[in-house]
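First subunit A sits with subunit B, and in the next complex the same chain sits with subunit C.
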Partner chain A sequence: MGSGHTHKLYRHGTSPVHGMPPHCKIAAVFGFVLVVVSTPREAFWAFGAYALLLAGVAAAARIPPGFLLKRLLVEVPFVAFALLMPFVAEGPRTEVLGVQLSVSGLWGAWNILAKGTLGVAASVLLASTTELRALLLGLQRLRMPPLLVQIASFMIRYGDVIADEMRRMRIARASRGFEARGIRHWGVLGKTAGALFIRSYERGERVHLAMVSRGYTGTMPDLHTVSATRAQWAHAAALPAAALAVCLIGWTL
Partner chain B sequence: MTPGTTPPAPSLEVEGLAYAYPDGHQALFGVDLTVARGERVALLGPNGAGKTTLVLHLNGILGAGSGSSAGTVRVAGLPVGKRHLAEVRRRVGIVFQDPDDQLFMPTVREDVAFGPAAAGLRGEELDDTVRRALERVGMAEHADRPPHHLSFGQRRRVAVATVLAMEPEILVLDEPSSNLDPASRRELADVLRSLDVTVLMVTHDLPYALELCPRSVVLSGGVIAADGRTQELLCDTELMRRHRLELPFGFDPSSVTVPV
Partner chain C sequence: MHVPDGFIDTPVSVAAGAVAAGAVAASLRGARRELDDRTAPLAGLVAAFVFAVQMLNFPVAAGTSGHLLGGALAAILVGPWTGVLCISVVLLMQAVLFADGGLTALGVNITLMGVVGVTVAYAVFRGLVRLLPRARGSVTAASFLAAFVSVPAAAVAFTGIYALGGTADVSLGKVLTAMVGVHTLIGVGEGVITALTVGAVIAVRPDLVYGARGLTQPLRLSAAAAAAPARPGGNGNPGAPGTTGASGTTGTTGITGAAGTPGTGARSSKETNA
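Presenting the complex of A and B:
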């Protein structure tokens, strides 16, 4: 986790999309997803239009299609669920290639697949053009509860430290001849997890002590003033606004 | 005393400090300690002597309200208590033993800025303070790196910078030389020598105390058992043995000339 993940998700660049203030991008993605999910599922062409819009953003951000498609693989577990729906759903049936499938199940699967993929693609674009740190600042700017932002930023800072501790414990286990082979060894792994929890908890206490010693009183000092100009907001709004137009046409047709 | 000039209040005055943890374990039994402004003092003592408990009293983390305590602590004349807690914590800069505990922000710069920003500094003034603090420990070029990408010695130096940025009256270091390789140890010593602040250094590392601190106090069994010139204390083999303080193999404190 931590910086490791930052580097994996984030794709460094200097495109106009990268340069946009983080809170504008978050708001734009959120608006886009809202519009997509409220589009009627019968309007096939609308989903194609959304995909084109995202492709346009990806091109502007100079994100290669291969990179984007690879990141989309996180969606696979949900796709598996969607593929099951035509087989298990109730209602009138239809026959496709000699297999009995539920009509409502097919619609449901299509709905999840199309809207999910578009949502994930938009989030992947956001994550690959915005650093994790900037995302948190953006959320803070959008008035996300400060406590949640603090928790998330501590996760970024201490993820590596804790992963390192876990690695050292694994090496210590292995050095004494332990190898997890099946259920009989779960007890040892469980105890390791417990020890790790207690160590992390105690570290939390020490960190809090260090924070209090330097004047922490419950709120993080606001070090960054990220602000967006009207023009930047207008740029960011282009995506959800175009999507909204498509959606409205979809409803009226 | 010449009329018209009052000498500055000592950086630290501890009088009759006693403390028992809420579980009843008594850690301090009446500690008296005065550290004059600009002094560098080593606080020596075996494990479990109450060193950490004493340190946590200096900025009011422990004290009235957590467990039972008696006695007073004053920092540059200001009594440590609920009323002045924020000011006391600005004046007493504690550098904890594990820099990963001390450095909790995503980048070095933000971490050093944390204390002064909590005290209300903003904008250019804040940037200046951060830059100066990092320059004093020789880490200015690493300002934008995340702490976990630095070496252990570098992290310890950044930890010192995080408290220097608050312009403390007294710098309290908990085991500053632990886990450092000899080169990082020497670099940290150079940094500490170059600072013009009062230093209280808690340590087991007796050669390091001898190198950096002209004066030492021995805390043992919750009281100050000895207070004097570091070299004299280290040469007193009877005293050292009584308080489980041992010199590294082959080290003879009387053979070293220390700067007075």
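Presenting the complex of A and C:
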């Protein structure tokens, strides 16, 4: 517990971005991504402007570029898919470095790469500047049904517990000389998954009983109400507002 | 399988978001019927399980490996409403925390993997369980087919959404062939893993498998059942009172026999009940 009760996705800091109320940040990121997706793909410069805006937020949050770039790797499968597109798409062809490529496929690949990368970068910035618990409180403030928030918070709280349980099962298998090499070994892994389900479900039952014995009636007490001032909303709105301006210029040009 | 931002245009993404929100609201109500005030902890823990089991790698061959998507598994184990809810929460958390699947594509992802995947899987599963004979083997077979069908079904639904609002200029036929082809292969793996997992749970805690409710033998309160071979072949127990009466006497003889000479007593009680 040396690192405290924070998740590895979160990067602790005291910047203005960290201090912003979570629901403002979620709304801002969501608005930003929506604007990015609505931008016409022909406006190359607009996507550069979006990237600059995100870089500005990252700088304000004091998130090092290396950290951000490493987390962007989650996108790699789509990059592979997008790179395939110019080869399979229809329409007139053009020659790039001696290879026949579809023009609309190139546009499509660019579209997905640009918008997907910006979306991932915005989400990564949100997750690395907001604590998990705050993120859930923010979602609750944005009128997500309380039951859904509770389910999500249980998932977050016990996700690492269950993952650790699975890790211990893997160590137990390995220490008995088991090594999964192919389809023949799926039976053992299936039994692992089954045992993991039973343990998770039984843990859920125990958690429920523990909660009932502490007076749980179906709703959680509201302990941390987060609220935002008008100024904080205005701060958070800076990102999507700037993006919207860029988007509108992109449409009119 | 997570659709990123920018793949589907804004109007269709928003519409899919509305569909997903409606489905999640309906399954919140349904899950409360299935689990009442246990909903939050149990659905939360099952969501954590789905999240963890997606990290369990199943090696295929030559260094490649696959993992479970879990929609069909969740539907069979905890019921369709809770299943949709768990998968939706997992997708929401993956999008917000891990940037896996775009935020604007969240509605699309929930509609495809949560709603279509889980619903198709559960419909196929229930249909097959009703048709096949009441046995443990048919639950496993139904799990395989349900999980196998659900993956290409989600791929077909993806092609539908792509037809409405796809941003890439690839012909529908090509998208359909590629998606269904690839996902049929994935579906085979998903089916095998789901069937193995459901089989493992049913062997230990058949009461926890939502889809197999009503298939377990009702418990019989009789000493005969305790001494008889582990799995009685009879279906139902119309003659339960009769057996109880008979076993009462054999039970006592067994005990008296055991008190005298333990070894033979136990053997004789088994013989009388066989």
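The criterion applied here is as follows: the second predicted complex is superposed on the first by the 245 of 253 C-alpha atoms of A that agree within 3 Å, B and C clash if a C-alpha of one lies under 4 Å from a C-alpha of the other, contacts with A are read in each partner's own complex, and residues count from 1 in each chain.
We take it that contacts are C-beta pairs under 8 Å (C-beta built on N, C-alpha and C of every residue); 3 or more make two chains touch, one makes a residue touch a chain.
If you're wondering where the values come from, they're calculated on a predicted model, not measured in any experiment.
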Practice prompt. Kindly say whether there is room for both subunit B and subunit C on subunit A in the superposition, answering fit or clash.
Written response: fit
Fill in: subunit B versus subunit C as contact partner of A:A127, first or second or both or neither
second
Worksheet item: Who does A:S213 touch here: subunit B (first), subunit C (second), both, or neither?
Response: first
Discussion item. Tell me the contact category for A:R203 with respect to subunit B and subunit C: first, second, both or neither.
Written reply: both
Discussion item. On the A-aligned overlay, A:A114 touches which partner chain: subunit B = first, subunit C = second, or both, or neither?
Written reply: second
Item to complete: Considering only touches as defined above, state whether A:C247 meets subunit B (first), subunit C (second), both or neither.
Response: neither
Worksheet entry | Where the C-alpha centre of subunit A sits as vertex, the angle toward subunit B and subunit C in the overlay (nearest 10 degrees) | 60
Worksheet item: In this superposed model, does subunit C or subunit B come into contact with more residues of subunit A?
Response: C
Discussion item. By the touch definition at the top of the document, which applies to A:V161: first (subunit B), second (subunit C), both, or neither?
Written reply: both
Discussion item. Let me test your reading of the model: by the given contact rule, A:V36 touches which partner, first (subunit B), second (subunit C), both or neither?
Written reply: second
Practice prompt. Kindly classify A:M20 by the partners it touches after superposition: subunit B alone (first), subunit C alone (second), both, or neither?
Written response: neither
Discussion item. With both complexes overlaid on chain A, does A:V88 touch subunit B (first), subunit C (second), both or neither?
Written reply: second
Discussion item. After superposing the two complexes on chain A, what is the shortest C-alpha distance between subunit B and subunit C, in Å?
Written reply: 7
Item to complete: Could you give the residue numbers on subunit A that contact subunit B in one complex and subunit C in the other?
Response: 153-154, 156-158, 161, 203, 207, 211-212, 216-217, 220
Response to the item:
Given the complex, residues on subunit A that touch subunit B span 2-3, 133, 153-154, 156-158, 160-161, 203, 206-207, 209-217, 220-223
Discussion item. Please output the residues of subunit C touching subunit A within their complex, sorted ascending.
Written reply: 4-7, 9-10, 13, 24-25, 28, 32, 37-49, 51-53, 55-61, 68, 73, 77-78, 85-86, 89-90, 92-93, 95-100, 102-104, 167-171, 174, 192-193, 195-201, 203-205, 208
Item to complete: Spell out the residues on subunit B that touch subunit A in their complex, using ranges where they run on.
Response: 56, 59, 61, 86, 89-90, 92, 94, 96, 98, 100-102, 104-107, 110, 113-115, 117-119, 126, 146-149, 162-163, 166
Discussion item. Please output the residues of subunit A touching subunit C within their complex, sorted ascending.
Written reply: 7, 9, 26, 29-30, 33-34, 36-38, 41, 71, 74-75, 78, 85, 88-91, 102, 104-105, 107-109, 111-112, 114-116, 118-120, 122-124, 126-127, 132, 135, 139, 145, 147-148, 150-159, 161-163, 165-166, 180-183, 185-187, 189-198, 200-201, 203-205, 207-208, 211-212, 216-218, 220
